[in-house]
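Below are two complexes that have chain A in common, paired first with chain B and then with chain C.
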Partner chain A sequence: MAADTKVEEVSTPKTIPIVSAMGRWTLEELSALRTSWQLWLSVCANWRKIEWRATIHQAHEVTNRSALLVAVVMAFTGAILIVQGGTQAQRIVGDLSPIGPAFLQLLIREFGPVITAFMIAARYGAGIAAEIGSMRVTEQIDALRLAGAPPVQYLVLPRIYGGLLGMLPIIVFGSVIAYYTGAVTAFYGFGVGWDTYFSTSFVKLADVAVGVAKSLTFGIAVPLMSCDAGLNARGGAAGVGQATTRAVIASSVLVLFLDLVVGTLGYLLLG
Partner chain B sequence: MLRLVTNVGEVALQFVHETGGVSLVLGRLCKRLFRFKIDGDEFFRSMRSYGEQSLLIIMLTAAFTGVIMVLQTAVYVKKFGVYDLVGWFAGFSTFREVAPLLIGLMFSGRVGANNCSELATMRITEQLDALRILALDVYELMILPRTLAMVLSMGVLTVFGNLMAVLSGALSARLLFDLEYNTFFFSLFDRLQPEDYLVGIEKALVYGFVIAIVSSHFGLNAKSGSRGVGRAVNAQVVACAVALFCVDYVMTSLIR
Partner chain C sequence: MGRKEVISFADVYKSFGENHVLRGVSFEVLEGDVHFILGHSGAGKSVLIKQLVGLLAPDAGKIVFDGDDITTYKEKQFTDLRKRCQFVFQHSTLFDSRTVLENIAMPIRKRFGVEREEANEAAIEALTKVNAEKYVDVLPDELGHGLRKRIAIARAIALKPEVVLYDEPTTGLDPVNARRTDRLIRDLADRLKITSVVVSHDLISLRSIADRVTFLNGGFVAFEGRAMEFVRNEDPIIHQFVHHAHVGPN
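Up next, the complex of A and B:
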């Protein structure tokens, strides 16, 4: 009998590396989503505890520190979209006169908020994550907690309110720059006159409402994801680096997702 | 006022400095390209790890993009009733412009940042100097294979992303405007030329190259100290974004 019983071989299942890596990534992301959700809940629970000075300081950081980056990127965006839209319009409609108003509508509703929010995520979000992340790995967050200063109230809330205050102005600023570089491109590239370009005939109140709603949501989303990445940083300087890249990617994906959600809601509710 | 002038000057100097650094990396890379001795193992390893790192995030991004582009057509659909243009509009802007750009931004945030932090860590722990002492060339060993891997992965990822965007676009058009799948795909295939698709892929390949040299430059020139790596990675993400938009503008106006 004893001879028959073999030691049962523990066979590790063969895995396709890329699939298992993707599965692992999904699981990690889901658990990370849970921590961001918890952070969001505690932010909601403490929403009254505004620190005005810190909030104003953060709003200043959002707008001022990223202004140049946003200006450069949005200037290119305006030119690119006009060239692209002009090509599109020439091929299908053969009439370039609606290019200005159509571009303004697209800018207000879609590209102004999204591209600017991406840039804010790359600069402000990464900055927050690095700051809070290095506080976390040097145990300053624990020190704050010990001193009776909850990090959500002193670190996270001012950044979220700062984002909420600062995002709309910087998006308007970026969109204005894109609109004017678009005008220059349309004039010199396609010969569209200033009068035809600067017309608001395509823009309705619904577009402005959707644009503002998007700006405000992104203003909350970017600091939230970045604070979460920073608060969950682990293990020394390398951990802080990882937290920064996490913050950029997570904020960007959430921005796109919220863009989709708010855009769909706007279409269904406002048209 | 003086502070403003100082700031602008500093930014301009920094811009010139980084541009010069990136072109140095580009020049050295080109020199190695002629000899073309490439480390095959590193190439395949990088290809695989780039795919693992970014495939899911890029598919997600592309899926969102498809829906957003279809939503944007809603205005025209309502105004002019052009249901047969939805597929074309969504496809045209996604393939030519939005998909490569967004995929490039995500790729730079994930793969570029990883490459940069790895090189920066090697730099501040003096491993790069050790390589030089062993008469090993870091460009041949790491940067050339990685650059090729990034260029190729961007191409492949954009093909995947485009597919994802079209599928999610068709689905959302169906749900939002009750547009038949047939109408969507017919207007996509009928009005779109193969060039429109290929322009996007070309752009993606160039973006891959840009991300590779920019991230390598910031990694190779990281300042020492534990904060150096973090700073390098942050600067890399911002610089990549600016470089991508700049290259995008040049390519868009060259290829009409």
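Up next, the complex of A and C:
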């Protein structure tokens, strides 16, 4: 009896804070999901109100201003994947001839869109959240509302359209870089000939369709989650920092989720 | 015949969690007045005026603007009200990436649906009223606090409002710029017949430009009346506030 009482005394204070913390976290995440959903509904309701100048500026941010980062990351990605893939292929099948076509198919369908979207989330998404978050905590968002410029139309839509316009070109750019650094790695590392590597025999129209579909959905997802994080920033500089972190995490998780959904639908519908 | 009430707060309550900021605030603002809302930091002064333009909603009570009960207005209904009632924020809130001219012209284009040229002309006219017309091509970051405040006021009056709400307009300004801002508020009220509601704890401003005063303390209205009556009031709480005494009821 005494032992039971002791166990209860020790375990109760530990269990309750964990449960309550989990409960609080769940409620906060559900609330965050709700605000993201509401923002998405608001975007859908106002989709015709395009601010062209701001949209072009945002597309420039996604493409030209992110090009160097994407080029560097994708160059390394291409080389690393060919080193890993080539080593495994050599060990297991001994035939390296499909390495180029298989890599191209994977790049178009999977790695190109996902890795580039991660880079855009880290650079462009973080920038959006910091900018809108700062505007939020310094009351500039309220000033916009009072000036008759709704934040969704004035801040969110140009970023979403900018993402939509810019994501596909930057993904194509990043994929081309990765493909070519892969080619150089395959040639010098494994002796794969250029003609063998640059074969497109594995690539089907379905792969391109899935790649484009992913690019477009990521182009919406990253700015949407980043704008949502910025618009919900609270407090001062610390709040802006938290919003920036949240933007990158939420965008990256949503990119992975959409990658799974679009990828699965692609295999089911297009093969 | 007395002047009409433009704004009326009736038994307004507002809490943030356990922090009960307003506990039944009632008072009126008369047309054409420069009406000060005074109180210690955290007394709910800014909360009160933000409720007028729909940036915050009251928990209970009634807010009337020019005869219309706006307490349960939705965002769309506030869009019309904001054409008549503008807000000058404490931190100016100019859009950093736009020039002074664009800061003022953009809201004009949005509000009145006019072409860029026409909006620019109206923006320059508003800047002239606050003696800032030579800064049209400058970015807000390059300006001092006093000028930024004047430009924020120009942005508000460019939309031709009947009422302007000023949130701590002299806070953070040096004494010279603070007095210039006071003069500007009074001049605009007199020349353009704008009703002005000024949230402040600047007693020099109060003495020089206020018509009427509402003093908030502990979530309640502790005083409502003419400015001179306020500064001469012998109530211990008001006396402490007016004379900056570090000892007293608060």
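We adopt the following convention: the second predicted complex is superposed on the first by the 248 of 271 C-alpha atoms of A that agree within 3 Å, B and C clash if a C-alpha of one lies under 4 Å from a C-alpha of the other, contacts with A are read in each partner's own complex, and residues count from 1 in each chain.
The working rule: a contact is a pair of C-beta atoms (placed from the backbone, for glycine too) under 8 Å apart; a residue touches a chain by one contact, two chains touch by 3 or more.
Everything numeric in this text was worked out from a predicted model, so none of it was measured.
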| query | Once chain A from each complex is brought into register, does chain C clash with chain B or fit beside it? | reply | fit
| request: Based on the superposed arrangement, let me know which partner A:Leu27 touches: chain B (first), chain C (second), both, or neither? | output: neither
| Counting only touches as set out at the top, which of chain B and chain C does A:Ile50 meet: first, second, both, neither? | neither
| query | For the combined three-chain view, what is the angle at the C-alpha centre of chain A formed with the C-alpha centres of chain B and chain C, to the nearest 10°? | reply | 110
| Touched partner set for A:Gly148, first chain B, second chain C, both or neither | second
| task | May I ask you to name which of chain B and chain C touches more residues of chain A? | result | B
| task | Could you tell me if A:Leu41 is touching chain B, chain C, both of them or neither one (first, second, both, neither)? | result | neither
| task | Applying the touch criterion given at the start, work out whether A:Ile92 contacts chain B, chain C, both or neither, answering first, second, both or neither. | result | first
| said: Contact-wise, after the overlay, does A:Leu265 reach chain B, chain C, both or neither (first, second, both, neither)? | reply: neither
| field | Touching partner for A:Glu139 - first (chain B), second (chain C), both, neither | value | second
| Could you state the shortest Cα distance, in Å, between chain B and chain C after the structures are superposed? | 14
| remark: In the complex, chain C touches chain A at residues 50, 53, 55, 79, 82-83, 86-87, 89-91, 93, 95, 106-107, 110-111, 155, 159
| request: Spell out the residues on chain B that touch chain A in their complex, using ranges where they run on. | output: 11, 48, 51-52, 55-57, 60-61, 64-65, 67-68, 71-72, 74-75, 78, 85, 88-89, 92-93, 96-97, 102, 105-106, 109-110, 113-114, 117, 121, 176, 191, 226-227, 229-230, 233-234, 237-238, 241-242, 245-246, 248-249, 252-253, 256
| Residues of chain A defined as touching chain C within the complex | 138-140, 142-149
| task | Spell out the part of chain A that touches chain B in their complex, as residue ranges. | result | 17-18, 21-22, 25-26, 68-69, 72-73, 76-77, 79-81, 83-84, 87-88, 92, 105-106, 109-110, 118-119, 122-123, 126-127, 130, 134, 189, 202, 207, 236-238, 240-241, 244-245, 248-249, 252-253, 256-257, 259-260, 263-264, 267, 271
